[in-house]
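After this come two complexes, each holding chain A, first together with chain B and then together with chain C.
Then we have the complex of A and B:
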């Protein structure tokens, strides 16, 4: 009889260990079915959370072979075929504190979610009698983001959170913020943008794990990008903003990046000077040429077209 | 086999050696690459944050320039690949956006048609050139060299934009390493992000990420790390000294461009691959192939 083996990363009262369970293969079963089978027939102490079994509640998110996914919608057949093995690694989702085994703590995460005021500040023209109507086009701008089920998969392998959770919010928090920023009925988009800006909006490292993990095919990294655009338009600025603006300046000026002036524009004179020794090292290895500070890059062939295009896009945005 | 070569800004600046090595390797293999005249910065994921429509349109121009030549657009930078592919995918999937962008391009007398694909040198070597053909060209197999395979995010994720291989279990780089006679070293951080794009606003986190990748490769006994992305190469190499302090690792780890490693196996001299003064760290094992 074909056996399926789960190596489960367990945790209980400060002790972490991996426990192996095997059970008879059955076709067309889910990863969650396997966990329940273990709990029912082998080890009732195995702890995990699950509720709807329909990829709606978001409770059963776990790491399967290193990748966060919903246990209830992930088929054992698909996983064994994809990874070429009947042995499957199961762990709690990453970047969460573990309560026990596969159950993670959401309490602190909910408090982080509240940071961006994930609720609507209704415009004054709306009331109980008139309702709060909007056009189908306006509805389309945010409706996808309402599909977030708070499963935490986007946060699990977020490389920025893994490096430091204190100065960056979980990706779904930015997604929730953007859901209200893009809602035409919201009277105070900056009430969501400002706290996002203050809490790591520009610290996303673009690892794209959030987009790759979301079981609802949402794009938290794109939400971060859209929030940055709104923040920048509102005049909020930091190193990240200046860095992006430096790229755009060069795109218009010559078509290509000038690494030396970009560093100055991003860091400012004082911080750039602090990097003096580092810059010398790069120079010594031929990585940068300080002459680029004074010798301007030659614009690319067709730069007039590029400028026309950027300007036309700007007008189209208005 | 002909491609319009999109080197990207970093190959004109801090990673000129990757330009030199890519051109040398392509020539040796008989892959025709010609730099796309008039290419502009892909936006590097930064312009996308503040002027998404503007940079979508300039990337549509980049692709349209390749279309006019009737060839695919080939990059060597993961981020250029992703930015150009995201633009292409958006324009190919969304007719309204395509019409809007073509209206913008029309003001400069250009049109995006969707006839040229955007590809990466690694994909060209595997999908178009073939690993067996690459293997047949190897004259100096890098036998005994333990090479940590480091992919870089933007060649793998998001999968719907990249689409070359399974983003969780990629093999392309390991396959190339094997084809040139070296030993691929699978290490736990091979799919991690080097942090390059946030080195200014998230400096400390990024140093930790960079340091952890290098330390993990050293722990697995790698002689060097190879990457198909010049941005990852720059991050893991240029910030290596500083990043070590964040993870208490004192081991040096050379970070080599994929094009350079292939070039060595094809018998191209280190000087012709821009390897004389530019790689900042070395190990004894690597020096057997590069020279001290």
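Then we have the complex of A and C:
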């Protein structure tokens, strides 16, 4: 009889360990089914959370072979085929505090969600008695974002969160913020943008793991980028904004990045000077050339085309 | 000890709407207990929509029509005064949801879009694509966060505690993270813990959470269960998993086909066809399967829903959630192949006996119930699609109002001693139960309950099978007393929680069986093979089941309120 083996990363009262369970293979079964099978027939102490088992509630997110996904919609057949093994690693999703085994602490995430005022500030022309009005086109602009099921998969392998959770919000929080920013009925988009800006909006490292992990095919990284655009248009500026604008300026001017002016434009003279030693090392390795301050780059060949592309992109944004 | 004015149990649509109502009141201490993160509940799974006469699509629709459809849909078992009260409030509650920011789909006039749904005269089901429940639940959660509702998350109701004079005194709850019994004093208590579909375990569309905890706790606290036998089987569960496929698939024009490729609804509801009410469609599918016109055999048998004749945009835009489900869980893409379906247990029409629909109050002072956990009764023997989300928000609000009014008019009563006693007894119980090293595993008891309930008190019912089921349940209840749980840990002990859940399910399943035995007729979702006809002379009344002092169930009845619609034969 073919056996499926789960190596489950368990945790209880300060103790972490991996426990191995095997059970008979059955076709067309889900990863969650396997967990329930273990709990019911092998080890009642195995702890996990699940509710709808139809991928709409977001409760059963776990890491399967290192990737966050919903246990209820992930087929054992697909996983064993994709990874070429009947042994499957199962762990709690990352960047959450683990309560026990695969159960993680969502309560601790609520205050982070609240940071961006995750509720609508309804425009004054609407009221409780009549509800609101919205064109079908405006409805389409934000409705995708309302499909977020708060499963946390986007946060699990977010490289920024893994490096530091304190100065960045979970990707779904930005998605939630953008849901209101893009809703034509919201009277105060900046009430969502400002706190997002203050809480790491420019710190995303663009690894795109949030997009590749989202079981609902949402795009938190795109939401972050849209929120940045709104913030910048509203005049909110920080190093991130200046860095992006410096990129844009260099692109238009020469089609090449000028690493020296980039630092000056982003960090300013004082902060750049503080990194003098680092700059010297870069210079020594030929990564930057301070002479470029005096002798600017020549525009690259085909600069006209580059400028046309930038212009087209900016018009598309409008 | 925690102390509140209003305590809500359950974080679905009804619970969160109730908490929101109470939180709007200045100076009240309000809290909500939930055994899981608040956006996970069954409400999130409702796909199709929420009913209310807004006239955004059908100008000729009226409140009167909605009342009549609901009463007729209930097979005249609903209380008509309660239905009237309910239907009149639906439009304002839907507009309020819109104002809270629910992303409703829109008409070309920028108003809330409305679609056809089974058993209704006009398109009056407001929707957001096919994720209506999900967006309503998330929006209510947003509003609760805005109003700073105090969530006691990962807390689990153990028992309701009463004062010496029989009013609500508080509850004892299991703090899942800390692994300890908590005492909570409260003046008013709203039970909104949802249904009990998990008595059929995997043969239900309900989440793992729907274990009838509130129904069982109220039952132990002396409140009756009303019409528990009225369990709705949704006609279109997915073939393999029992996961719900929304009625939208029929509403948008999908066909139901048997293995001969016939639209078999022509033989059961020639005028409404696929848009006939749920019980009619469920019975039709089961009959086709029983008479050999399904695909597959035994419990794996099914018929199919076919939407391939619909425009591709309709499938991609209005049914995309259904398409996702069919591809993921049935390996069938509705664009190119029919979807295997068969009935699945979907909704508990019966529940905690609410005796005042204007407040959602029960016979215990200070105790209110709303949503699927409650029986008001507005759904009677069969609930219309789109009326459950409406029920959740309308009666969630009503229960919240009722609780607030109660707090204003009644001083908090001291129940410290009773709370201490209950807490001590549960603490002892935790140690005794989790410390057992022998006994029948709880999962085995659960599985036997589910299989026998499906076979004996499922869609089709008859005396002999149900008598047999009563014996089985009584035996399981005995085995439960010494069952094996197998986890002594304090922290997040899901085995202990599951143990209590199975206890709740056994309690409710026995009431379902006794109710179904009493009702020697077929009405709405309750189909007796030995009594195929509705019998208004003897059974146009509610089943009322109470727990006696000695632990036995007492089966009785109460009157159905009929105001303007005299019972007629129910045909579509």
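What we mean here is this: the second predicted complex is superposed on the first by the 297 of 318 C-alpha atoms of A that agree within 3 Å, B and C clash if a C-alpha of one lies under 4 Å from a C-alpha of the other, contacts with A are read in each partner's own complex, and residues count from 1 in each chain.
Everything below uses one rule, namely that contacts are C-beta pairs under 8 Å (C-beta built on N, C-alpha and C of every residue); 3 or more make two chains touch, one makes a residue touch a chain.
Since the model is a prediction, treat every value here as computed from it, not as a measurement.
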Overlay on chain A: chain C relative to chain B, clash or fit: fit
Partner chain(s) touched by A:188 [first = chain B, second = chain C, both, neither]: neither
Partner chain in contact with A:312 - chain B first, chain C second, else both or neither: first
Chain B versus chain C as contact partner of A:114, first or second or both or neither: second
Chain B versus chain C as contact partner of A:51, first or second or both or neither: second
Chain B versus chain C as contact partner of A:279, first or second or both or neither: neither
Nearest-approach distance, in Å, of chain C Cα atoms to those of chain B in the combined model: 16
Chain B-facing residues of chain A, complex: 65-67, 82-83, 159-160, 163-164, 167-168, 200, 202-209, 211-212, 219, 225, 228-229, 232, 238-241, 243-245, 247-248, 250-251, 255-259, 266-267, 278, 281-282, 285-288, 300-302, 304-306, 308-310, 312-314, 316-317
Residue numbers on chain B that touch chain A, as the complex places them: 9-10, 12-14, 16, 37-41, 43-58, 61, 65, 82, 100, 103-105, 107-110, 153-154, 157-159, 166-169, 192-193, 195-198, 200-202, 204-206, 208-209, 234, 238, 241-242, 277-278, 280
Residue numbers on chain C that touch chain A, as the complex places them: 36-37, 39-42, 44-45, 92, 94-101, 103-108, 110-112, 128-129, 131, 134-135, 138, 142-143, 145-146, 151, 153-154, 177, 207-209, 240-241, 243-244, 321, 324-325, 328-329, 331, 441-443, 447, 484-487, 489, 491-495
Interfacial residue positions of chain A with respect to chain C in the complex: 12-13, 28, 39-41, 43-45, 47-59, 73, 99-101, 103, 105-107, 110, 113-114, 117-120, 122, 126-136, 139, 142-143, 146-150, 180, 183, 185-186
